[in-house]
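Heads up: the structure comes next, in structure tokens.
The letters A, B, C and D name the chains in turn, as written, and every chain counts its residues from 1.
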Amino acid sequence: MQQLPELEVIGSALQDNVRRLFKGSLAIRQIDTGSDNATEQELAALTNAYYDIERFGIHFVPSPRHADMLLVTGPVTRNMAEALKRAYDATPHPKLVVAVGDDAIDGGIYKGSYAVLDGVSQVIPVDYQIAGDPPSPLVIMQSLLAILDGAKKAPKQKGQS
Amino acid sequence: MNSPLLVPILITVIYLTSIYMHLAKKNNGVAGLYALQSVALVLLFVSSFLANPTVLLFLVIVVSIIVKVILAPRFFNRLVTRHKVKFTVSSYANTPVTLIVIMFITAFVNSDVFLPITDLSASNSTYVALAIAAMLVSIFLMVNRKSALSQIVGVLSLENSIVAFGIIAGLEQSALLQLGTLFDIFVWMLVATVFVSMVYRHTGSLVVTTMRHLKD
Amino acid sequence: MIIYIVVGGLLTASLLSLLFKNRVVGAAASIIAHGLGLIGAVALCLRVASDGDYIPSLFTLVDPLSALTVLIISIVGLAASVYAAPYLDREVSKGIIGPKRFRQYFGLVNLFMACMLLSVTAAHPIAAWIFLEATTLSTAFLISFYDRPSTIEAAWKYLIINSTGLLLGFFGALLFFSATSRSGLDGFVTWQSLLQQAQSIDPGVVKVAFVFVLVGFGTKVGLAPMHAWKPDAYSKSPAPVGALLSGALLPVALVTILKFKVITDTAVGGAFSSHLLMVLGVLSLLIAAFSILTIRNYKRMMGYSSIEHAGLMALGFAFGGLGAFAAILHLIYHSLIKAGLFFTAGNLRLSFHSAKIKNVSGALKVVPVTAGLFMLLFLAATGLPPFGIFMSELYIFGAGLKQYPIVTIVALLAVALVFVGFFRQVSAVLFGDPPEGAQDAKSNKWLLIPPIVLLSLVLVFSFYLPPPLLDLINEAVRRYDL
Amino acid sequence: MMSALASPTMLIAAMALFGIGGVGAVLLRKSDRLANYWSSAFALFGSVTALVFAVSMLASGQTFVAQTTSDSFPLLSFALNIDRLAAFFLVTISIVTFFCSLYGIGYIKQYYGRYNIGYLGFLYNLFIVAMLLVVTSSNGIFFLIVWEIMSLASYFLVAYDRHDPENVKAGFLYLVMTHIGTAFILLAFILLYVHTGSFDFTVIQAAMPTVPAHIKDSVFLLALIGFGVKAGIIPLHIWLPAAHPAAPSHVSAIMSGVMIKTGIYMMIRLFLDVLQPAPLWWGIVVLVIAVASCVLGVLYALTEHDIKRLLAYHSIENIGIILLGVGSALVFSALGMSGLAVLALTAALFHTLNHAIFKSLLFLSAGSVIHATGTRNMEKYGGLIKLMPATGLFFLVGSIAISALPPLNGFFSEWLTFQALFQGIAQTDFYIKWLFIGVTAALALTSGLAVACFVKAFGVTFLARPRSQRAEKAHEASAVMIAGMAGLAVLCVAVGVGSSWIIAQLQTIAQGVLSAGDHATLVTVTSGHILSIAEGFATVSAPLLSLLLIAVPLVVWTITRFGINRSQRVTTGRTWDGGTDLTSRMEITSTGFARSIILIFRGLLKPSLQHSVEYEDAASRLIPRSRSVTLSVQDVYRRYLYRPVFIGFIHLSHWIKNGIQNGNINAYILYILVVLLVMLGLVGVW
């Protein structure tokens, strides 16, 4: 019960940022590039009744065509590399790419395996990283807030490659 | 018709022979009945000749005797002996039914329908009717009998009855034409007997019901 | 004299082919005789068209209708004999018949032709009958030409049924003399004198007589239900004989009925004979239509087609007026077309070795010219324009619709059904993949020229009737339609 | 100048050109190329000549009558009567044949070496000549002759590609149906002859007051059936979806575009001209048939996946729409509302012209597609617009036109038909009013379904990705074929834009047919382009509408491009596929597209739905290997009407044949005996 205010605080800050940057609605496409599903559990928790991230204007969408942000999880298996690249291409500009979880950042515990490419940045340019194995929902939210804060400061930063 | 008694007897003979042809069990019998019928016909010619003697009519009589009385039955008998088909094959209707049908035919001929024709020769109207009845009975022979030989005899008997009708009803033709007709009949007989032989050769019997391959 | 010369020529050809073993002699002689016959027929027609009836002797009387019939017979006869030579040649080379059969064929065919010519030009009804009966005798051996069980069967049926029928016709003819014999004309009665005497015959007798004549000669024409011999005889005889039976013998027998019909009509009015003809005509049409629908043999189909056309002609004459005109036209067209159809059917048989429809397909691939001709002749036979039968059928229906609407409509539907059935079979024969062993009869062009000539003739007559021909038809209608 | 062009010499010249083309093709048959060029070129010349003649006839407003009686045959006369109506049909025919002949030059090439091109050329020219004569002849016998020649020529064209047994069957069905139809027509004409003493239309028309009403009614019904077979009204249509696909495409275009209109022509000629005055129920019957044809036609079209059969069913639908006009005209003229009758007939005539243009365009472009892919099955197409853009564009133009979307020609004729029906609702009394309400609803339904159907046809054929190897290797049609299609596409637009002027012209034709004077004018054209019905009941301006339809998208595009998204940058990437590769199996199929509509109308269409599942292990039936659903629609008329009748006839035939011709000679002689006795018995009666 003590955490509730913290969640609310982060949430309303997020909401403010989303309202300002994305006219009230941030669309996220989550891409699983072969993760162990731990990060997915946490991301899924974001939409449960407790966190209910949608009330702050953040939605998970089914297609990268609709997305403002890509949340990429997993160490990028060889088979998923091409799909990741296509999803990245399909996402309209401007877009944010966030690698979520340690394995997404550099392969994590899978690092060096013959089956993985050791991190999202090996395949597509990554804008932000959210560390943790897995990061908890609150961490994710905090990170998102930080990302949006950063984006707010440097709005012309993207639109590259 | 100068001999009032002769004509009725002869025409009755023709009529009766055509009925007996239905009943005959042997092929020779059918041929014999035809010969008898032809004799009666020739005698009718003779009575006509006595009334009105001409050379041509005499010729007709002679040819008739040769063709119908002598040659035709001999052809048939030779056919029978050559092919060893002594007994004629069965008929569709049994004897009582056959007789009933013949009765009906005779009654029909004596009905109003044929009145104008039987009246052609008022004095002989009954006998005219008998001649017509003989005709129809002959056709019925062809319908009823399954033997090829009976069918030939049926056609010939039909011809005999028609000629008899012509004589009695006074519808005689020019003798020249009668000779032509006789010639036709003679050739017809030759052709028919040849065909009977061919039928026997190809089917091994004289039963016309074996010839039922040409349908639809 | 013309007619005697023609008949003499035919008989000579008959004798020559029987006497000489060389088969060229018989064929050549009969083609020459038939050619002469055609010239004679044309001359005869021109003469009758310009001068009226041609009566060279007591025995011969050629009126317009007879002249037309002579012309038809001669055309079909010439075409048949031209076709027969290569046709039989091919059958000999295929081993279907022995080489000696040439003699038999040409001997009998010439006799057959002579009998038909004599029958149709005979002045005396009984003489006409005698020669008609003689045709039965000469054709019996032509039908059994292949000497197989089935051909014997066909010929036997032909012989017995036709003899029975003709004897009935003979009886009917005799009855017509009931008036004349008493009025002292004794013996030699011509059609003309019979017609003049017609009024004095007892109407009752005339009616019965006409029934016998109709049934009797109707057998020879092939009107249903006396038609039963027709499919058998047509399918089992050699193709040119079929052409002659359908194209020449049918008109001869029909014309004989007409000659009696006009006498009957004079005596008892037209309604009686019309009604009888109508009954037989409709019956023929219906039976033919339904039979053709599922027929399995294309040569038997020709037989039913003839029955259908005989029925149509009977209807035309029954309706009278425009119908009679149309019926005579129909007679001409039908003979030419049907002969052509028989020739093409013969060609098909030569190529496919079978008259069964299920064994014949893809004719367009194997024998394109024959198949094309077959198609066109089929269209002509079933009354599609521009072929003349369309016109004649139209006139026949036009003549009948007002007075006999039901008969006409039934006839119209039956004709449509004939088309469906016929077309079904033709379609099966022409299209598809040919069976194995079918080969083009590489081809003697003389097997194709007769049907082509006949088709062209039909096409010409469909648009243009030469004035003498038209005169003859009109005169015939005037005489035979009261 | 005008009178020279309108002289009959031009018509004779046109016929002669076709004749030279046909006969020459046969003579040149040894060389496929020469035969093709020769016959097509002369068909082109002939069409142009006929077109010039007919247009100048229309322009000069004269009527041409000629007659040559036959010496040999009574009652037959080669009588031509070219009034405005006939001239209008001449125009329609010659426009379509012109472009089809052009297209044919390229299309025929695929038959080189396989079939005889000479005979194709002959039949093609014969077919056109016969059609031209059909709409100009004014003697019943002469008409029947050319009518049958037309049918026969088209039969041979249908069965031309004879190596496909389906085509042979289609030809069989076609000729049988058309022959039965002709039998009815024959009966109708004979009936008229019996009661008027002539086969000449003018004489018949003059003698009409003396003809009893029941005879007129019989003639009406017979002619309706007879010409209905050719026009393809339901339920006499069964030959149409079989025969039109079977013929070479440029011939299909002519058959569907104009040949079936000859049936309409004769209905107009007989019902509205020769047999007038007509009772009210004729019009009602025609309207009911028209409704059945248009609704069922479009429904069956929806269910088709054979592109040419689909188009053929649309012909049935459009014939229905045309007949709505004709039927309304009949109803109005029976009610004495000659102005409305003129309006309705004008609508019918206009739709006739339009359908001729866009349907032949559609058939030609379908022909190009078939030529390129070698199949008529739409499920095997897809993505063709990338490979054959011109054809795709023309098909789109045709689709828009046939879907009655403005500003193409189809819209205006259907709009006019609607106006006629609205006037019917507005101006008639209770029962007729409800009839018109029903009819209008049916037409509205038809229009909607037609759009759906062409969304399907165009989408499945040209959009998405190729669904077969042949479709991947498709190639654009050759230049002449494109020229042929382009001409018709341009006409679609031009007739649409110029519809006010054309409708005004057609109105005078309709007035001529109905012998209604100028006062019977409901359609007025003001300031050159505004078409107004019944003094402002409804107005439309085709040029303005077209301008609007071009301007609005243009404006929208301009604003978006240069206003809202000035700084927008466009990048082209690959299609988002969710990570899996796109395959043609992911596309919607034509059956799938139509499924929901079919199920809505399952009461009418009686579709058969079949599920079949194949299992890996048949015993346990746990894991399915494949699952297929078959949705098929059979023509109910074929199944419940024609098949039983045909089978019945076959049974009857067997029964009669086996009963009578049983091979037993005794029976044969018995027939003779029985006939003899029966007839003798009848002697007393007659």
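What we mean here is this: a residue touches a chain if its C-beta (ideal position, glycine included) is under 8 Å from a C-beta of that chain, and two chains touch if they have at least 3 such contacts.
Values in this document were obtained by computation on a predicted structure and should not be read as measured data.
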* Between B-C and A-D, which chain pair is linked by more C-beta pairs in contact? -> B-C
* Asked: Could you state the distance in Å from the CA-based centre of chain B to that of chain C?
  -> 30
* Averaging only over C-alpha atoms, locate the centres of chain A and chain B and give their separation in whole Å. => 118
* Distance-wise, how many Å sit between the C-alpha centres of chain A and chain C, to the nearest whole number? -> 99
* Asked: So, what's the distance in Å between the C-alpha centres of chain D and chain A?
  -> 61
* Asked: Considering chain C alone, which of its residues make contact with at least two other chains?
  -> 156-157, 160, 164, 204, 207-208, 231, 291, 294-295
* To do: Provide the list of chain D residues touching at least two other chains, using ranges where the numbers run on.
  => 657, 661, 665, 667, 669, 672, 676, 680, 683
* To do: Two or more other chains in contact with one residue: find those residues in chain B.
  => 113-114, 139, 142, 151, 208, 211, 213-214, 216
* Structure fact -> Each pair of chains that touches is included here, namely A-D, B-C, B-D, C-D
* To do: Flag every residue of chain C that touches chain B in the complex, lowest number first.
  => 124, 126-127, 130, 133-134, 136-137, 140-141, 144, 147-150, 152-157, 159-160, 163-164, 167, 170-171, 174-175, 177-178, 181-182, 186-188, 202-205, 207-208, 231-232, 235-236, 291, 294-297, 300
* Asked: Which bits of chain D are touching chain C when the two form their complex?
  -> 70-76, 141, 144-146, 148-149, 152, 159, 162, 165, 168, 171-172, 175-176, 179-180, 183, 186-187, 190-191, 193-195, 649-650, 652-654, 656-657, 660-661, 665, 667-669, 671-672, 674-676, 679-680, 682-683, 686
* Which of the residues in chain A come into contact with chain D in the complex? -> 63-65, 83, 86-87, 89-90, 93
* To do: Name, in rising order, each residue of chain D that touches chain B in their complex.
  => 657-658, 661-667, 669-670, 672-673, 676-677, 680-681, 683-684
* Asked: Which of the residues in chain C come into contact with chain D in the complex?
  -> 156-157, 160-161, 164-165, 168, 204, 207-208, 211-212, 214-215, 219, 225-226, 228-229, 231, 271-272, 275-276, 279, 287, 290-291, 293-295, 322, 325, 364, 379, 384-386, 390-391, 394-395, 397-398, 401-402, 408-409, 412-413, 415-417, 419-421, 423-424, 427, 431-432, 463-465, 467, 470
